[in-house]
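Next come two complexes built around chain A: one with chain B, the other with chain C.
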Partner chain A sequence: MTATRGTRFRRLLLPAIIAATAGCGRSNAPTVAASGAPGQQVAGKPYKIALVLSGSATDHGWNQDAVKAIHDVQSALKLPASSISIKEDAVSPSQQQDNLRAYAGQGYNLIIGHGEEYQAPALHMAPQFPNTLFVISSGDKIAANVTPIVFKLEDGAYLLGMLAAGMSHTGKIAEVGAQEIAPVRSVFSAFALGAKAVNPNITILHPVYTNDWEDIGKAAQATQPLIQQGADVIIQDLDSASQGVFNAVQQSSTAAHPVYALGTNNDQNSAAPGVVLASAPINCSPVFVSIAKQAEAGTFKPSNTPYGLPQGVIGFIENPALASRIPAPLQAKITAAQQAIQSGKLVVPMKTQ
Partner chain B sequence: MDITGLVSSLSGSTARAATPLIFAAAGEVLVQRSGVVNVGLEGILLGSAFTATIVTYTTHNPWLGLIAALITGGIMAAIFSAFTIYGAADQVVVGVVLNLFALGVTGTLFRILFATHAAKTMELPFVFHTIPILTPFTLAAVAVVWYILYKTRLGLEIRACGEKPSAAAASGVNVLKLRTLVTVFGGVLAGAGGAFLSIGQNNAFAENMSAGRGFIALAIVTAGRWNPIGCLIAALVFGLSDALQFLGQAIGLDHYYRLLLIHLHLLTVAKQFNVNHVPYNLFLAVPYVVTLVILLGSSKSTRAPASLGKPYVRI
Partner chain C sequence: MSARRMTTPRSLSARVIKVALQACAAALSFLILLAGTLTLFGIRAKTALPAIADGAFGGWQYGHLYALSETVVEAVPLILTGLGVLVAWQAGMFSIGGEGQLLIGALSAMTVEHFIGNTPAPLITFLMLVASVVGGALWGGIAGWLRTTRNVQEVISTIMLNYIALYLVGAAVLGPLQEPSHSGPETALLPDPVLFAHILPAAWTGGITARLHTGVIIALIAVPCTAVWMYRTRTGFALRLTGRNADAARTAGFSVDRVRLIAMVVSGALCGLAGSVQLLGVSARLDQQFSPGWGYSAIPVALMGGLTPGGTLVSALFFGALTAGTNSAERTAGVPAVVADVLLAASVMAVVAIRAWRGRAQLASGGD
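After this line comes the complex of A and B, so read on.
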């Protein structure tokens, strides 16, 4: 019994150790020569695309949109269902890295790590898999076969900020996030910039973080002290947990003292139609399809050009149920700013560090 | 700053954070005093939160959702009992399996049922506008558990089962039956905690929404020294420190910390050591650190039930 277990242990562990040490030593030099452009279709082999998610595919937010987009890619490239593989709930950094490596090892042409957290492991392993194109949603760094997708949610957040400052009676607005990562901070700073454009004296309370993209109760708990501090318009950057912010806002909002929330990443206007003023959704499909098409043809070049409102990747949707409450002069300012962003006249800054 | 508003907001926030913990811990006190550790509490919270949502969603009646959650809690505890009490299986192992089972099943069913539309439901009513109706019932749960444990013959038998089950059996107590009964009762109470998560405090289900509260409840039972009133206090301390840390983030303690550094001319030094900023993670850790400190304090002076976690096998 002991002998068998020992053998099995060694059989499993040894290749892993070899692979790991090989990986460490040679991470800077390609181990395989690239045949064609990264992510290019190899003649006679099926084209394979993988999507790795850190959360659940049904979060009605960030991850679910990526799943929808990958299916759009499938139909745009006319691929069979077997060409698409989705791995969700890669929660820990080691799972995230293992999933990327496993797909790359299986010869996937295109691997999308849906979140900034995939950038470091992808940059580390990319030289070993020169034929694979790693696409990092929300990343910012470029390598020979690693490309970021810079979602400029800031475009939408700026407009949400204008709306928040214009709709606040108390002169105080607030932010709730899950993790204080660069994209979240950048969205909050664009929100503040938009708010200041409408009301330079607006107070933006200190952001509150929950460290949990799914815990609704915690999100509600985080929102209550902000409302208590006088905030009456609240933006959030949370996935499934955003419902907690909406609930807390709903519970505090009265006709005499309305409190509002704002949606991000998805159209969340219907999640709480009485309090969500507007949403800035991300639509992954145009980017995913464009990258996949170019990669398949072998013409894709890694780039960190942001995709925002002008590219149709970021939207700004006001809640029709509450639209009548937005004063016309405020609406005119927002529409003008939206057009300026659209035409490139107004460029919302991104805070990368 | 508006002090009355602050106090009412803090106490409300504390009560809401503590409610699921009190329900789960109150039941678990009784369970552990009978000699059983139900490590599956986390799974029971999650499973009952899920059935509460499903039943409320289909019947549009949150009260039926609550009843479904209580039944789910009871059934899951009964499954746990069947393996651990009658099957004498390891309680930690079965508990962990129950947790993983609940996580998998609720996740899968949730995706099948709510793949395209949000799982928003009606919620249970609130009293005084902001207090979820289940919250006051936590006090009733604690009172009932306290009364059973210390004022009834049943309570004496339960404690005997936890200390020396062979002696209890010799005096005519059916140890297996009593432990099962108590475990199922604990499951029903945890079911109320689960219902609070999905339809009591909120109006939606999210995958893994119990988020470790079952494990915190286990820690609270120990921190509360296996006494229902001790558990109530421990849960409130946890809830209060959670509410305080969110308040600390909201009023910008981090900002004041930096002002203090500037005032003390320490900012440049602090920057060198990268301690010029209080990370939000430090705030979030506060309730857990507080729980650990209480656990440390309580470990010296108290003793767990002597037969805790040991299956009773009739000879």
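After this line comes the complex of A and C, so read on.
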């Protein structure tokens, strides 16, 4: 019996592993012939658009805005409801890949992967589906039928930075992010740049990352120590979890020593009206509609031109409930900077690496 | 019960009929459960059920085998981690550590690839598989060692080791293993020659590459391997005896500590293997979201399979079908994919309830 122990294993599992190993290596050849431009409407077939989200479609932030935008696309292109498909909570790379592939396989003309995480799988499978246009929100790379949407949230973050530096009594401001990825780092550096423009001596505490876009508790835990260290204006790039920052700020804020938070990605002013000074929302609709219209007509060319404040994709909205607390000279500086960005006189740098 | 065992074994046909009836009853109650869950979510079962079945078993719009391939692809990590769980649990080690062992398996494989990136592709693949087995075995072994030498309960230690594994992956993909442009918390994609080949010819899947990969061979062969080891070897016997009654095993002359350690090592090895198989077959890269919780789902999968290798295979395929079906139904009919999670939990509660009820019935009739 003892003798069979090892040999049976060798007789069965090891050959399987070797067989699987020998069968490794895969081809990535196109399985369909290209016809027309990627994403172009094929005569006689319904035009179909898919949106793949890594989080909840009702997150009051990044994903929810994309859902709203895809419905704007639907009405702009006068498509029936059955032409639009939304897949939410594609959390793991395996699910993200499966969804892109399944939609492409079903002949969707336009597939929007809403996040940088869709870029690598899309670039990899795109040659197999030459008739589908893959749109990657927050991506940065271009292929024949893959286009990034570069959101220049930096424009809004710069203005938020100016506001933060001007409103801070302690001279310390802080940043809370979910993941230390290039787009988040870039937003924080634009925020710092804006802050220094108002107060060159401002202290910006080392950014804190929670590694979670959804956990409100973690966000609150990350925020409390920052407030204890003296930060009194806090920017966050956290999506659903941002409420945690707002809660922590609300708990610590008193009339004598006010603490403020800032909104990003969405208009979050109403999420905590007592403490959110202003928000820099992303508005996906203009980009989605413009790409979809051009793609349908067959005139779209993949491009990585950023969409920012001048294009109306990034906004800057002050909270009307707290607007009276912003001193007039600071307000004047912010308005001037906003106009400069709008007209192209001031270009906020993006740190892509 | 004991009285019934005394009677002569029933004829084969009677047993086949009994199993068939049980399967029908299970399928029917599952359908009622599924329809009930969907109704609770406010979804019309009449449109959702065909959409789920279509996504799991095939459909005219993709070609015939695409959906079935998705079912098997979803089942592969559950088969391997399910086997890992049953090995540990049969030995009375209630390991919750499948998730961490899977992540460490994937991390070990990725680390090996990082250092030997320019060797021939099949060799890289083979070494990645070996690395994941070793890594997973070590990770399982830590919990086993803590239990046997320090009497640290494996339920606690494996949960904590899961977190350590998750954060190790996080540190690796933001540090030494991060992709070259350093923009995202993920590794670069593995090159195509290293990955498992896709098995199905495009002609069978409506012209789209289906994701079924050669790694499925490993999962399918691991099932009889585990069965032979558990039921036909001395170690397997010692393992099951230890799980049933550690005192009896000790009296019979087995080293209970050694058996428990072996169970944890083998369990870890299987879960680790699941990590690299998934990496090489599907994901092609590692990040902190690598696993949607296969190591945790493996516990209900193994329990539903009655903690036997064959049963685990069936229940893994069942949950694979459910996952693939609900994923697809979300795309085609707007059915939320979380329905699969709800059903997984509901099924386990049903199994536990039936066991408890049977146990009570046995006590009442004075059996066992």
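In the analysis below, the second predicted complex is superposed on the first by the 321 of 353 C-alpha atoms of A that agree within 3 Å, B and C clash if a C-alpha of one lies under 4 Å from a C-alpha of the other, contacts with A are read in each partner's own complex, and residues count from 1 in each chain.
Basically, contacts are C-beta pairs under 8 Å (C-beta built on N, C-alpha and C of every residue); 3 or more make two chains touch, one makes a residue touch a chain.
Just so it is clear, the model here is predicted, and its values are computed rather than measured.
**Student:** Kindly classify A:Gln95 by the partners it touches after superposition: chain B alone (first), chain C alone (second), both, or neither?
**Tutor:** Second partner only.
**Student:** Touch check for A:Glu180: first (chain B), second (chain C), both, or neither?
**Tutor:** It touches chain B and chain C both.
**Student:** Using the superposition on chain A described above, determine whether A:Tyr47 touches chain B (first), chain C (second), both, or neither.
**Tutor:** In the superposed model, A:Tyr47 contacts neither chain B nor chain C.
**Student:** Any idea whether chain B or chain C touches more of chain A?
**Tutor:** Touching more of chain A: C.
**Student:** So, does A:Glu214 touch the first partner chain B, the second partner chain C, both, or neither?
**Tutor:** first
**Student:** I'd like to check the shared interface: which positions of chain A are touched by both chain B and chain C across the two complexes?
**Tutor:** Residues 180, 211, which sit in both footprints.
**Student:** With touch defined as at the start, can you tell me which chain C residues reach chain A in the complex?
**Tutor:** 61-62, 66, 70, 121-122, 125-126, 129, 170, 174, 179, 181-186, 189, 192-199, 202, 206-209, 211, 214-215, 217-218, 220-222, 224-225, 228-229, 232-235, 278, 280, 282-285, 287-292, 327-328, 330-332, 334, 336-338
**Student:** Within their complex, state which residues of chain B touch chain A.
**Tutor:** The touching residues are 5-6, 9, 12-13, 16-17, 20, 107, 110-111, 114-115, 118, 120, 126, 129-130, 197, 201-204, 206-209, 211, 242-243, 246-247, 249-252, 254-255, 279-281, 283-284.
**Student:** How about chain A: which of its residues touch chain B in the complex?
**Tutor:** 56-60, 174, 180, 205-212, 214-218, 220-222, 224-226, 228-229, 240-241, 243-244, 247, 251-252, 270-271
**Student:** Please give the residue numbers of chain A that touch chain C in the complex, ascending.
**Tutor:** My answer: residues 1-2, 4-5, 8-9, 12-13, 15-28, 31-32, 50, 54, 85-89, 91-95, 97-99, 101-106, 116-117, 120, 124, 128, 140, 179-183, 211, 352-353.
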